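See the structures that follow.
Below, subunit A partners subunit B and then partners subunit C, in two separate complexes.
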Partner chain A sequence: MKSTRTGWGLLAPTLIILAFVGVLPFLYVFYIGFFDWTMFAAKTGLVFAGVNNYRRLVFDNDFLAALARTVQFAAWAVVSELILGFLLAQLLLRNFRGRSIFRTIHALPLVVAPIAVGATWRLFTIPGFGPLPYYLDKWFGFDYNISRYPSHAFATILLMDIWHWTPFVTLTLLAGLTALPREPFEQALVDGANRLQVFRYLTLPMIQPILLTTVFIRIMDALRIVDEVWMLTGGGPGTSNRYVGLHIWLIVFPKTDYGYGAAMSLLTLYFTIVLSWLLFIAIAQAGRQTTA
Partner chain B sequence: MKTALWKTFALLAVVSMLGALCVVPAAAQEPGKVDEAWYAKAAEPYKGVTITGVSESTPPSKYAAEVLAPAFEKMTGIKVKFEVTSWDQMYDKEMKDMEAGTGLYDFVYLEQDIVYAYMARNFLVDLDQMMKDKPELVRPGFNWDDFVAFANYFKDPKTGHMMGMPMESFLKTVVYRTDLFGDPKIKEAFKAKYGYELAPATTFQQYRDIAEFFTQWGKDNNMELWGTVVQAHTGHVASWYEQVESILPAFGVYNWGINKDNWKACVANGGQMNSDRAKEALTWWLGNLKYAPPEATSSTWDEIAASFAAGRAAMGWEYCENLGWIGRDETKSKVIGKFAVALPPLYKGVLEDAKAGKGYIGYYDGGAYAIPVGSKNKEAAFLWLMYIGDPGIQAGWAIAGTRITMKATLDDPAVKEMDKQLGGYFTFYKEYSSLFAGAPPFPFHASVREVVAPFFFRAITGELTPSDALDQACAAAEEELVREGYGK
Partner chain C sequence: MASRPWRKRLGKVGTYLIWIILSGFTLLPIYWLFVVSARSRVELFGGPSLLQTSFFAENYLKPLSSPTFQGYLINSLIIATSNALLVVICAVCATYALSRYRLKGDQSIFFWTITNRMAPPAVFLLPLFLLYAKVIRIGGWSLFDTHIGIILVYCVFNLPFAIWLLKGIVDGIPVELDEAALVDGANRLTVIVRIIVPLAAPSIAIAGILSWIFAWNEYLFAATLTSVNARTVTTGLAEFVTVVGTNWGQMAAVAFIAILPGLLFLSLVQRYIVTGLTFGAVKE
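Coming up: the complex of A and B.
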């Protein structure tokens, strides 16, 4: 009984802070989602709208398009980072000259703020001034222009995200791989298992918990990408790279449509939870089939 | 040996640091003489108070933060905490503060285009009322009539009272390279090709010819030179601003094409946003991209100034607050002493409209500092505003920030001298500023902008034709206006 009370006592400060910075704002957003509230409308203040904001969302092509392209971006980014991160983690398991230096340099992007990442990549890729378009044109005659071609912008945003976040995947998987016991692998080799079989029947099932955690963290991050894209292209060219986080930011802040923005935020949160849950079930099922 | 090496490094580090301290920032113009005794006396009750403000990171604001704020602080004992940040961040911060009434800011930057929205929400302190209530804070000799006409934009249309202290005003007009336009070889080649003399364009066809000519000239002579800068960012509202502020008025389409009587934008409902003239204007402007440097589609107001300063374009519409550094800062500009300002090309009848007060030929930009009603230090902030509007500091500020707020500044000898470095901009301002206009008085400025701008982005990328873009933009604008309660 005493230990339960001590436990709650120790948790209390965290729970209080969470209530203020997490639960209360969430309830507030939930509340204003039922109102029309645009700072510069003729009718000022909160005007009760019922579920109208949610009804609008279902028919809002801009929002739905932003959501769809966010899922597309997240899929590309997370899968690429996972494959690359796993390969790099495997590489870092081996002993080679310069391993420590490589590991340090490789982890550096993680400490850079997203807004700075966007600014740096903008300087690197801006047409007319940036070295990348200059050399692509000079060496290959390739007209690379992120402000004109949506596909160039998408590829650049994807590359930027991979550069920024692959080290995170590498480090978490490296931690998981390093912690695996050696005996099952040695036994498998003695039994004549090849590398692919070792990977499929041993490595993958054994690192599944850490893999799942990494995938979820990266998916949630990728679904709410804003800063880097805003700095790099502003969501352009056109609206081709306006992802849902950026779309919500533009609705809530520059446009000051608070009620509608709140409804969008909640629907996106709901969508993220459902997506993560479905993914969890799918990965867990795949894991069970592999071990069976 | 190792110790000697370390000593050398240490010495170099100290010398570098001292060197850095000795570098005088570009904005370090003397603030000018004011009645210090009066300010010191008026500020006595507020000594030790800290006032906090936010402003956009522009040359005039940086001067206010780096030169004027310390001078004011030294004179009055009122500390001025000044946040100078990006345009987006500034609005984000000040709007949130005023909407929530937190009183975080004691003064905010009030750009002319947002003033009507802030007034509609009663966000701002009425300065005229404050002058009545606190006459001891009004500088002797202070008179609103000393300010240029731009100051009228900060008047509340209902009461005629001033809601902000003007801190800058400038024009957006055509700037061109005098070294290129005056080169006999170039002039001859141009006349041979187009059959008329090379001079700043007065028609849109001439502008196109000149842009085409210099782009070709750059190619033929292996130069990084294009015909014109274009503020055509494909994901930032700056491109939409260039359309509605500069291009549409030059074509004779005013107030974004929105009918102020019924808040409608489409031609079918009495608006002009998708009129034939507006479509012609957008088509012409998009056509200029062929003669613009590759960075045009990534350019906001900052990048068009940087492109012109780097000598990459022969001409273009520029926000003239940048002419100060383009004309004087050798570390950033390659066109010092090589440019002048001119009237933009105009559709037939637009100049006459402007002279008669029925229209305007381009954008008259500027801002003021205002006091949010939530401020907890209104009196101290008001004194700071008095200082901002003091004639004593105006010439130094005009030289550092290429901005004008008071009529007398234009006749100051130092300003007249600087006019030569700015390609005659101050003279141009004096003569033609009455033909330019600020943003229309729309309280819904920001919200309609966000709805309409994406159609322009998509027109720039070629995803939409100019005609489709404007048809869709006007429909979206009308839908948003109705939703916000403007019209039916």
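Coming up: the complex of A and C.
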């Protein structure tokens, strides 16, 4: 009896902090989503608006476009990083001299601040003195300009994200692959299975839990990208690369349209949860079919 | 496996080739960042040569000697360090409680704690900004633009991570050790300080370092929830890009200063950090 009290006492600081900065904001954003609250309106303060904010949102083309763009970006980024990361993890499984040095270099981008990643890539790709546009033009005559062509900006953001986050996939999968038992693989080779069969019927089912968690974390992270894009192109050229997090940030704060912003934030959260959940189920199902 | 020797050698050469190209791809942007930070404006627009022999120190000296940037640096240090300490202390106590007591609903508490980590920042920016700047006010004082405000916000991301990291470790420490100490008349706090902390020290250090790096690196909340007094290095970095023109050399220098601690930590405790970074996905 007395000892449970001590337990709760030890847990209390964590619970209080998380309730204050985790739960309270969530409840609050839910609450103000039902109100009109604009700093520049004739009537300042909270005015009850029912579901008006949400109704407005469904017809807000800018917001919906930002959402669609985000999904497109996340799909490209996560799929490329998964394939690359898996191949690199396979390469790191082999024993060769200098392996740990290459692994450390590979892991470097993980500790770089996202905003500094954006700054780094901006300097690298900036028209004028960046080496990438300069050499692309000099060697291939290719007119690469991220502040003029939306597709170039998109490709660069994708490349930047791959640069930043592939190491995460590589290292998690490497940890998973290293932990696998050896016997089934040796057995399969004795039985004359080829590499593709080993991959499909042994490796894939066995690393499935880790693969799932990795995919899940990467999707959630890719959907909320802001800093890097903000620093690289500011969401541009124009609004062509404004992903949903950046869109909310750029719309809500300058306009101080808080009620509407709250609705936007909540819909984004809802969308993120539903999307990752659906993907999670889909992948798990595909995995089960592989195992069967 | 009757693979011919030349094939094996070719495979080896191929492996090295891939890793050398890949390392080049990883290092080139960072190297270029350093090159830009070492160039004056004239040199910079003279052409993008990758070689650098001179060092234009003014890019570093100017921000480092400006009181504003010094303030940003000190703020970042205060915020990252206090956050790491707070997170580590709370996480050790919480994991101990979750691991040693049978509390009502402890499983769901653990799970709920973890879900906090997954929150998209864009969702929490607005309510936190409103709560900090407009709602929670005691007299003229509010949490907006204070160190403590930012430190608490980073707990949303770092605390769940630290608890996740430490839970398995504390679970692995035999309960008999606690009991023996309790029989000898120690109280729970002594048990935590004398037994749990020393035994879990490596993991506690990783949790602290990674929390520190996260807090040091964070931009969005720092930019939204601070204005003057508690601005951090990352927000200072973003402020370099202005409509009237950007001093690229200085920006690169500041960016380089900003990424330095992370790179330093990574090279010092490489193996542990890699384990810690990927721990979210791999439970050993």
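Methods note: the second predicted complex is superposed on the first by the 279 of 292 C-alpha atoms of A that agree within 3 Å, B and C clash if a C-alpha of one lies under 4 Å from a C-alpha of the other, contacts with A are read in each partner's own complex, and residues count from 1 in each chain.
Methods note: contacts are C-beta pairs under 8 Å (C-beta built on N, C-alpha and C of every residue); 3 or more make two chains touch, one makes a residue touch a chain.
Source: prediction; values computed, not measured.
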Touching partner for A:238 - first (subunit B), second (subunit C), both, neither: first
Subunit B versus subunit C as contact partner of A:277, first or second or both or neither: neither
Contacts of A:163 with subunit B and subunit C, given as first, second, both or neither: second
Which of subunit B and subunit C A:21 touches, first, second, both or neither: second
Which of subunit B and subunit C A:103 touches, first, second, both or neither: second
Subunit B versus subunit C as contact partner of A:142, first or second or both or neither: neither
Partner with the higher number of touched subunit A residues, subunit C or subunit B: C
Touched partner set for A:129, first subunit B, second subunit C, both or neither: both
Touched partner set for A:253, first subunit B, second subunit C, both or neither: both
Which of subunit B and subunit C A:111 touches, first, second, both or neither: second
Residues on subunit A lying within both footprints (that of subunit B and that of subunit C): 126, 128-129, 234, 253
In the complex with subunit C, residue positions of subunit A that touch it: 3-4, 6-11, 13-15, 17-18, 20-22, 24-26, 28-29, 32, 88, 91, 94, 96, 98, 100, 102-116, 119-121, 123-124, 126, 128-131, 134-135, 163, 168, 171-172, 175-176, 179, 189, 210, 213-214, 217, 220, 223-224, 226-227, 230-231, 234, 244-245, 248-249, 252-253, 258, 261-262, 265-266, 268-269, 272
Interfacial residue positions of subunit B with respect to subunit A in the complex: 88, 91-92, 95, 99, 117, 120-121, 233-237, 293-298, 307, 312, 443-447, 449-451, 454, 457-458, 460-461, 463, 483-486
Subunit B-touching residues of subunit A, taken from the complex the two chains share: 36, 38-44, 62, 126-129, 133, 145-148, 150, 233-242, 250-251, 253-257
Complex contact set, residues of subunit C against subunit A: 1, 12, 15-16, 18-19, 22-23, 25-30, 32-33, 36, 44-45, 47-48, 50, 89-91, 93-94, 96-98, 100-103, 109, 113, 116, 118-131, 135, 152-153, 155-156, 159-160, 163, 188, 213, 216-220, 224, 234, 237-238, 241, 248, 251-252, 255, 258-259, 262-263, 265-267, 270-271, 273-275, 277-278, 280-282, 284
